[in-house]
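Just so it is clear, A, B, C, D, E and F label the chains in written order, and each chain counts residues from 1 on its own.
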Amino acid sequence: MSKVVTFGEVLMRLSPSENRKLRQSHQLEFFFGGTEMNVAASLVNFEMRVQQVTAVSKDFVGDSAIAAMRHLGIEVSTVTKVDHPLGLYFLEIGAGMRPSQISYNRLNAAFANIDPDTINWEEILEDGSYFHWTGITPGISEAAYRTLRNGLEIAQKKGITVTADPSYRSNLWKYGKDGQQVLAELTGLSNIFIGGVNEINEILKTDFEFTENGFVEASKRLINTYPSIEKVFDKVRTGVSASWQKIYAQAWTGTEYITTVELEISNVIDRIGTGDAYAAGIIYGLKNYEDQKTLEFANAACALKHTILGDNNLVKVNDVLEILEGNTRGRIKR
Amino acid sequence: MSKVVTFGEVLMRLSPSENRKLRQSHQLEFFFGGTEMNVAASLVNFEMRVQQVTAVSKDFVGDSAIAAMRHLGIEVSTVTKVDHPLGLYFLEIGAGMRPSQISYNRLNAAFANIDPDTINWEEILEDGSYFHWTGITPGISEAAYRTLRNGLEIAQKKGITVTADPSYRSNLWKYGKDGQQVLAELTGLSNIFIGGVNEINEILKTDFEFTENGFVEASKRLINTYPSIEKVFDKVRTGVSASWQKIYAQAWTGTEYITTVELEISNVIDRIGTGDAYAAGIIYGLKNYEDQKTLEFANAACALKHTILGDNNLVKVNDVLEILEGNTRGRIKR
Amino acid sequence: MSKVVTFGEVLMRLSPSENRKLRQSHQLEFFFGGTEMNVAASLVNFEMRVQQVTAVSKDFVGDSAIAAMRHLGIEVSTVTKVDHPLGLYFLEIGAGMRPSQISYNRLNAAFANIDPDTINWEEILEDGSYFHWTGITPGISEAAYRTLRNGLEIAQKKGITVTADPSYRSNLWKYGKDGQQVLAELTGLSNIFIGGVNEINEILKTDFEFTENGFVEASKRLINTYPSIEKVFDKVRTGVSASWQKIYAQAWTGTEYITTVELEISNVIDRIGTGDAYAAGIIYGLKNYEDQKTLEFANAACALKHTILGDNNLVKVNDVLEILEGNTRGRIKR
Amino acid sequence: MSKVVTFGEVLMRLSPSENRKLRQSHQLEFFFGGTEMNVAASLVNFEMRVQQVTAVSKDFVGDSAIAAMRHLGIEVSTVTKVDHPLGLYFLEIGAGMRPSQISYNRLNAAFANIDPDTINWEEILEDGSYFHWTGITPGISEAAYRTLRNGLEIAQKKGITVTADPSYRSNLWKYGKDGQQVLAELTGLSNIFIGGVNEINEILKTDFEFTENGFVEASKRLINTYPSIEKVFDKVRTGVSASWQKIYAQAWTGTEYITTVELEISNVIDRIGTGDAYAAGIIYGLKNYEDQKTLEFANAACALKHTILGDNNLVKVNDVLEILEGNTRGRIKR
Amino acid sequence: MSKVVTFGEVLMRLSPSENRKLRQSHQLEFFFGGTEMNVAASLVNFEMRVQQVTAVSKDFVGDSAIAAMRHLGIEVSTVTKVDHPLGLYFLEIGAGMRPSQISYNRLNAAFANIDPDTINWEEILEDGSYFHWTGITPGISEAAYRTLRNGLEIAQKKGITVTADPSYRSNLWKYGKDGQQVLAELTGLSNIFIGGVNEINEILKTDFEFTENGFVEASKRLINTYPSIEKVFDKVRTGVSASWQKIYAQAWTGTEYITTVELEISNVIDRIGTGDAYAAGIIYGLKNYEDQKTLEFANAACALKHTILGDNNLVKVNDVLEILEGNTRGRIKR
Amino acid sequence: MSKVVTFGEVLMRLSPSENRKLRQSHQLEFFFGGTEMNVAASLVNFEMRVQQVTAVSKDFVGDSAIAAMRHLGIEVSTVTKVDHPLGLYFLEIGAGMRPSQISYNRLNAAFANIDPDTINWEEILEDGSYFHWTGITPGISEAAYRTLRNGLEIAQKKGITVTADPSYRSNLWKYGKDGQQVLAELTGLSNIFIGGVNEINEILKTDFEFTENGFVEASKRLINTYPSIEKVFDKVRTGVSASWQKIYAQAWTGTEYITTVELEISNVIDRIGTGDAYAAGIIYGLKNYEDQKTLEFANAACALKHTILGDNNLVKVNDVLEILEGNTRGRIKR
C-alpha cells in the first residue's frame, strides 16, 4: 500500500462545550489535532497508510498525543520526544455572527524544539508516495523549517509527490525568517498546490483578483514561476455565519479550469480542520480519481467535516461518495 | 377512561452526545424507547390511559426499563421478565448532510424470547379501546409474531380499534417468515392503516406512484383488499438535511383525500420517534377529533417531536394545539 | 469613570442542558442573572463601572451569587443579605416551534424582602451617572417597589440619567399594587424609555398600532405625558422559531424617527437576556455615541447575545463594533 | 397487599458533584426526596405497596416530582397541585472533617400551602395498614400540621399502625406553633416511636442520659405517658468523619432491650436519607419479622443507604438480608 | 522483541458514574475490556509487543473497539469482523458493603460467532513467545472453544510458553460442553498456571483446603496430573468492603513455596481487571525476573490496578517497581 | 483593613476527573491556582483584604484568570497583561498507592515574562501589612526574581511583615541563577519562615536531622544567620497513601518549641494547595492569635483543604475554628 508521509505539529485543542466562553466554564473538552495530523487522520479513514513525523513532549501529555494518533491508525514509529511541553490551543467556539476565537501556546513547545538531526528522512521516505506539508510548519521555528526543508528535498529527489498547503499565518514567523520568502522557496520543492488567489498573491507578491479568471491567471503564473507545480486546487467558502457555511471548489489542472457544485451546511458542528479535510480529499483523489472527481470528492469531504466534532475528519470514502451521489438529506441509516 | 394497549419491544438507546461519533466518546446517553413504547408515551402525555405489553430482561437493566415506563405513566403490570439481555441500539446522531447511523442488538434479546403463553390477551384487552402494533414486532422473532397475532385476533373479536403502522424493515425478518406476507396477514386484522404508498406497495406487491393520486388509488386498493381497514393516514417528509426537515400529512378517509400545511423544523433536536409521535397523534385524534383535525394534530405532534431529545414525545395536548393555532415562533412562556 | 447603578433581583437560573425537558434530566446547569444584573454585566464588559444594589440570601447560595457578580466585575459593596432563600427560576429551553418555558420561585425570596432602610441611596448615587431600572422590580413586592422609588427620586434630584425598561409582567404584582399605575408613576421619574408601543399602551392605557407611525405617535404622547422622558428606544423581534430570530431597532429621538438594519440569528444559543443586552447597548451608546450609532450598537449587542449561553451578555465593545462594520460571517479569529 | 401511607413534602435536592462547593460549580445534580418520600421509596423497593399523600407545584417542576415518584413505584393518585413553587434544598456535600451543608427553600412552597380539605383521609386510609409521619411535616406550616393531625386521627380510629419519627428541627416551626408541644400531641396519636433519648427528652421535657439505661428509662417513661406507643426503635451513629460512619441500633420492645452489631461504612457515598432507610427497615420488619430481626434489618438497610447516591434507598430485601448474613465485603456479583 | 499473543473477547463495559445505580442515570461511561485484552493492555504498557486475536462486530461499535485497542498499542491486524453485535456488559459499581453488579450481553455476540477457520494460528504464532488464555473464552461458545484449542495445540507444538488463567464462571458454558472437563483439557496444553486452590479443585475435582499447605499440595497434584504445568501463581484477596481491599500473592515454583507482603488499598477506584493486571505482571516477570520478584511485581501491579478506572491497567514498569521499593504513600510527582 | 500583598504566578490547572489518567479522558476540569494565589484566596475567605501582583496573558485565557481572581475576591488592579500564553499545568490525580503526577507548561509563559518596571511596589505596598512570597517565584525567570527582590526590599524598608515559604523545586531554576543562593538571599529579606528542616538545610547547606531537636537547632541556626527572621513555622505530613494523609504542625517561636495534635484525612479530595492553606493559616494567625493558636489554626486549615477540590482553600474562619473545637466528625449542617 502506498504510504503518505505528513510532517507537522500535533496540538492539543482545549475548548468549552456548548459554545461557552472560557470564563463561563469549569471544564474543557480536548482533541488532538494540527493541520497535518488532520490530513493524516482523514487519509487513514480513507484506508490509506499514513505515517506522521512529529515531536511531542516527554510526559504523559505527549504519551496521550501518541495514543490519540494510534487510535486513529496513524503510524507513530517516527514520533520523537522532546523535553518541552506539548503545543496547545484554546478555542472558544462561536455561533451565528459571533466568531470562534483561538489562542495558541505553541511557539516554545515540543515541536518547535524538534531536532532536525533525529529525523531520518531517507529511511522514512523510502516507501513513500506522497509527502504533505503546510505553511504552518515552517512558521513555527527555525528547527521546524529546517527539518521540513530537509524532508522536501529528499522527497523531490525520490520522486515522491509533494502536496503543499502553503497558507500564511501572521501570528507565526516570530523566529526571524521571512514567511513569504520561505513559503516561496518550499513551493519550489512541491508538485501539487492546495490554495488559491490569496496564497498565490502572498507567495508571488502579486495582486490577482478573486475571480475565476483571477484564479486561472494566478495559477498559470504560479506554475510558470515554480515549474515543479502541476496543478492548483482551491476551495471557496461563503460564510453566512459561524453556524452556516457554503463551499465549492475550483482547480486549474494545468490545462483547464474545473469547478464543483456548492454545498451548504446550515448547522455547522465544527469549522476547524475543514480545510485539512479538503486537502486530504485532494490527496485521496490524486491517487484514485481523475481531476473532476478529485475536486468533487475533496469538496464533499470538506463539507462533511463541518458535521464532525473535533479537528479530525472521521468519515469514510463511502460517506463522501454518497454526497457525490446526491444523498445529502441526512436520512437515518439502520 | 378508555385504554390503549400497545405491544412491542422496549429498547435501550445508547448514543454519544454533541453529535459525536462513538469512537470520539467515553460516555453514552441513554433513553428507553421502541416504536410502540414511543406511541404509548405520547398517548400518556395526552392524558390517555395506556398499557404496554412487553418482555424485558430479568436483571437491573430490565428493572430500569420498567422504571422508565412507570416514569412516563405507562401501565407496566403485564410486563414479563425473560432471562435474556434487554435489546438495545447504538445511535450516532448525524448533522447536516451526515446521516444518523443505528446499530441494533436485539435479535436474541428478551423480547425476541417472549413466551406467547404468558400473555393473557383476553384479560388485558377486556377494557381496551385501541390496540396499536407496528411492522417491527412481527419481524423480530416467531414468538413475537405469534404473540402479536394472538392479540390482534382477540382485539378484532372484541371490537377494539386496531391501528397498524406496518412498515417493513429489511434488517429484521431473520427467523424464517416472509415479511411481506406476514404484514399483509396482520393488516387484515387491523382497522386504521398508518402508512402510505411505500407500505401499501410493499404489502400489496403493487407499484403505485408517490403522488397524491397514487396515494388515493393505493389507499382504495388497500381497503378493497382488506375491508377491515377504514382509513389510511400518511405523512410526507422532505429532508433538507439531517438537521432540517419538512413534514406534512395526508389521508384517505374512506371517502375523501385530505391534507395539511407543511411544517418546517430547521434545527432538529432528535429525529428518532417522530413517526411514532405521528401515530400517537392519529390515535388521539381518532378518539377526540374529526379527520381533518386529527391529521393536523398528528402532523403538529410529529413536528414537535423533532424538538424533543430521546425517543419519546413529551408534549401535551395543549402544546400541539398551539401549533395548530399558528404559534410556531417559539416565544418564551413564563 | 462615570458609574452606572442598577437595582434589581439576582436570580439563579436552573436549566437542563441539550434542550432537555426537566423530567429528562438529572442535572441542571446554573447561571446567575436577572434583568438588571444582565444590564450591569453587559456594561462592565463594555468597560463601564457598574454597581448593583440588591439583596441576596444569607447562605452559601447568596455567597455564590455575590461571587458570580464579582466574577463579572460588578461592584457588590452595597449588596445586603436577607434571611430568605435566593430567588430562582427553572428554564426548559425550547427549540424550533417548541417554546422555552420558565417557572419562577421568587415572590418570597431574599430580594422581595429587602429592607428599604438598609439602602443608602444618597451615598450610592453620589458619583452615579446612570440609574437603570425595569418593570420587574416594582412588581416583586412592596419593599422592592418602595426601595426603587426612593432611589429614583434621589437620582432625579441629583440629575442622574434614569433609563427605564418598564415592561409589565402579569405573573408579578401579587402584593396589592396596580402594575399599570406604578409603572406610570415611575416612568415619570425617568429620562430614557426603553420600550415600544406595547409598553406605552400599557402605561398610558392607549391603543396605538404596531406600526412605524403608531410607534412615533405613542412616543410623542408618552413624552407629552411624562416630560422627563427625552427619548424612546425600541427593538422589534420577528421569531421564525425558538431557534431562529430576526431583530431590528427603532427610536424616537425626540425630534426624529430612526431605525436599523435587521439582523438574523439562525441558530440561537440563548434567548434569555437579549432585551437586557439591548438596554445595555443603549446606555453605552448614550454615553459614547449619537443616536443612530447608539441604536445600531444596541441592536448588534442584542443580536450577539443570542449567541452567548446564560443570561449575561459577555461581548466587548469591539465585538459589537465588528457587527456594525458588517463582519457577521463568523470567521475564526486566531 | 397491605398498603403503607406516607404524608410529607417532596423536595428537590440540588447539589454540586465531586464534593464541590456551590461556588465552584456550574452544574447541579438533582434528586427528589424528603424524609417521608424516602421511606416510601425504600418500602416500594422492599415490594410493599405505598401511597404518598403530598402537594406539589402546578408547573413542570411539580410534574417532574410526580414522574420521579412514579419511577420509584410510589402511588401518586392523591398528589395534589398547588400554585406555589416546589420546595427545594441546596446541599454542599462534605468530606472528611468538612461537614455537609444544607440550605432550604421550602417554607412558602407548594406543600406548605396544601389545602387540608383536599385530602380525603377516609378514602385514602381505607385499605391502609401503616401510616408513617415525621417531625418535619408539622413544622412546615399550619396547613401541613392540620392535614397531618386529621390523617393521624382517622388512622388511629381505623386501627392502622402509626409509625412516628418525631425529630425536632429548629429551623422549622416558624408559623407560630410550639414544636415540642405539637410533637407530643402527635406522638399521642402514634404506635411505633422511631427515635431515642434525644427525641424523647425533647417531647417529655426530660433529661435522660445517652446510655443504654437512659434509653430504656426514657422509653418506659414515653410509653407510660403515651400508652398508644408500643415500641421504641432507635439507631446510634458514631461519625469518624463525614466520609466514615459507624451505626448500630437499639430498641425497647415494651418488655426488653435489644441491640445490634455495629456496622462500619468507611467510604460514605451519601449520608442523606439514612435515617429514613432505617425507618423503612423498621416498618418492613414490623410486618415481616420479630423484633430482633427487625432491628438488624433496619440497621443493615441504614448502612446500605450510605452507599447509594441521592435521598432514596434503592436496595432490595435480598440486598439487606445478605448483610445480615455477613456478606459485607462487597464481592462482585456477576 | 518477543511477542505475546492473547485470544479472547473484547467487551464494551457500560457503567453509570458516581457509584450510581443504572436507574439513577441517564448516562453511561464506557470502556473496552475483557480479561485477555486487559492482560494485553497491561503488557503493552510494560513495553512488550502484544497481538490480540479476536472477533468484533462489523459496525461502528466494532470499529470503536479496534480503535480502542490501537489506542493502547495492541496489534490488531488479526482482528476479524463478524456480523453480530459486539458483546457488552453493564456494571453497577458498588461501594462499602454494597457489591458491584454485572449483567452480560455476550452469548450471541460477535466473538461467540468467531469462525475458527479464519484464524491462521500458524502464522500468528510464528514469532510468538507467550500465549495467554483464560477460562472465560472456552465457556462462551463452541466456536470460541475450538479456536482456542487450535491455538493452544499449535503454541505447544512451537514451544511457546502458554499461560493459563482457567477460572470457571458458572454463568457461561451454555452451549453444551462441560466446563470442568474443558478447562482440564486445556490446562494440559499449558505451562504456567495462574490460579489457586479454588481453580485447581475445580479442575481436578479435589477438595484441597484454602491454606498454605493446601495450596502447595494442590499445586503439586496439578503438576503431577498435567506435567506441562511448571509453576503455579496465585493471589489471595481479603475484601474489607467493595472500597477497601487487601491482596498478597503466593506461588509454587515447582520446588518451593514463595509469598509476598500484603498490600492494602483503602480507596478502591476500580476492582475490575485486577486479576488480569496480576496475570500480566506474572507474564512480564517470567520474561524479566526470577520467581520471587515476579510474584512481588505481579502483586504490586494488581494493587495499582485498583487505583485505575476502567478494565485496563495503565501503569508502567517503573510505577510498579516504585511500589516494590516501598513508595506507597502517593507523594505527588512533579 | 490591613492588606496582604502576594506576588506570584497564576496557573491554569487542567486535570481529568474521576482519578482518570489523561489518556482515558476527553475532558479536563480546570481551576486557577498557583501557590501565592492559593494563599491569597484563603486569606480573602478569612475576610482579609488581599491584593495579588502578577502578570497574565493578553487573551481570553488571561481574562478568565483575572475573572477567577475577582470571583474569589482578590484585588486585581495591579495585574498586568503580557503577550505570552498563561502558564498551566496538567495534573493526573492519583489514588491509593498511585501518586498524582504533574506536568508544567510555565517557563516561557506570561508571568515568566513579567516586566519588573511595570510593577510600582512603592504604591502597591503603601498600605500593606503583609507580603507573602514563595520559593517558586524566583525559580521561574530572571524577571520574576528581580521583580520579587524589588518588592521585598521595599517591603522591608516599609516595615511590612514578610512571610516566606522558600521551598526549592528542582524542575525550576533553568535561567541561570543558583536556587539555593537566591533563596538564602531572599530569606534575608523576610521575617516569618514557613518551612522546616528540609528547607533550612537547603538554604544553609546544613544537615540537621528530621527530629524535634533537629528542627529546633535548625531554626535557631537560621535565625542566627538571618536575624530578620523571627519565627519558624513548619508542618509535618505522614502520607498513608495518596488518599489518606496525616498532618501536624510545629514551630520555633524564637523562644520555645510548640506543636499541635495530628489530624487525619482518610478520604482526601485534593492534595494540591494544602501547604498554601497552611501558610495562609499562619498569616491569619499572626494577625489575630498568639503562636499556639496560630499553629493549631494553620494545621486545621491545612487539614480542611484536603477536603476541597481545586487549588484554593475555600473555608471560612469559623469552619477552621470548629475543627479546633473538636468538631471533626462531619455532622450535617442544616
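Everything below uses one rule, namely that contacts are C-beta pairs under 8 Å (C-beta built on N, C-alpha and C of every residue); 3 or more make two chains touch, one makes a residue touch a chain.
The structure presented is a predicted model; accordingly, all values stated were derived computationally and were not measured.
J.: Greatest Cα-centroid separation from chain F: which chain?
T.: B
J.: With contacts counted as defined, which of the two, B-E or B-D, has more C-beta pairs across the interface?
T.: Looking at B-E and B-D side by side, B-E shows more C-beta contacts.
J.: Given that chain C and chain F are copies of one sequence and touch, is their interface built from the same residue numbers on both sides (over half shared) or different ones?
T.: Looking at both copies, the contact residues mostly coincide.
J.: Between chain B and chain F, what is the separation of their C-alpha centroids in Å?
T.: Centre-to-centre distance between chain B and chain F: 62 Å.
J.: So, what's the distance in Å between the C-alpha centres of chain C and chain A?
T.: About 45 Å, centre to centre.
J.: Mind pulling the chain F residues that touch 2 or more other chains?
T.: Residues 21, 23-26, 67-68, 71, 101, 104, 266-267.
J.: Which bits of chain F are touching chain B when the two form their complex?
T.: So the residues of chain F in touch with chain B come to 24-26.
J.: Within their complex, state which residues of chain D touch chain B.
T.: Checking each residue of chain D against chain B gives 67-68, 70-73.
J.: Which residues of chain A touch chain F in their complex?
T.: It comes out as residues 14, 21-23, 25-31, 57, 59-61, 63-64, 67-68, 85-86, 88, 90, 92, 101, 103-105, 107-109.
J.: Can you check the complex and tell me which residues of chain E touch chain D?
T.: 18-21, 23-24, 94-102, 104, 169, 171, 239-244, 266-267, 271-272
J.: Where on chain D is chain E touching in the complex?
T.: The touching residues are 17, 71, 263, 265-269, 303-304, 306-310, 314-315, 319, 323, 327-334.
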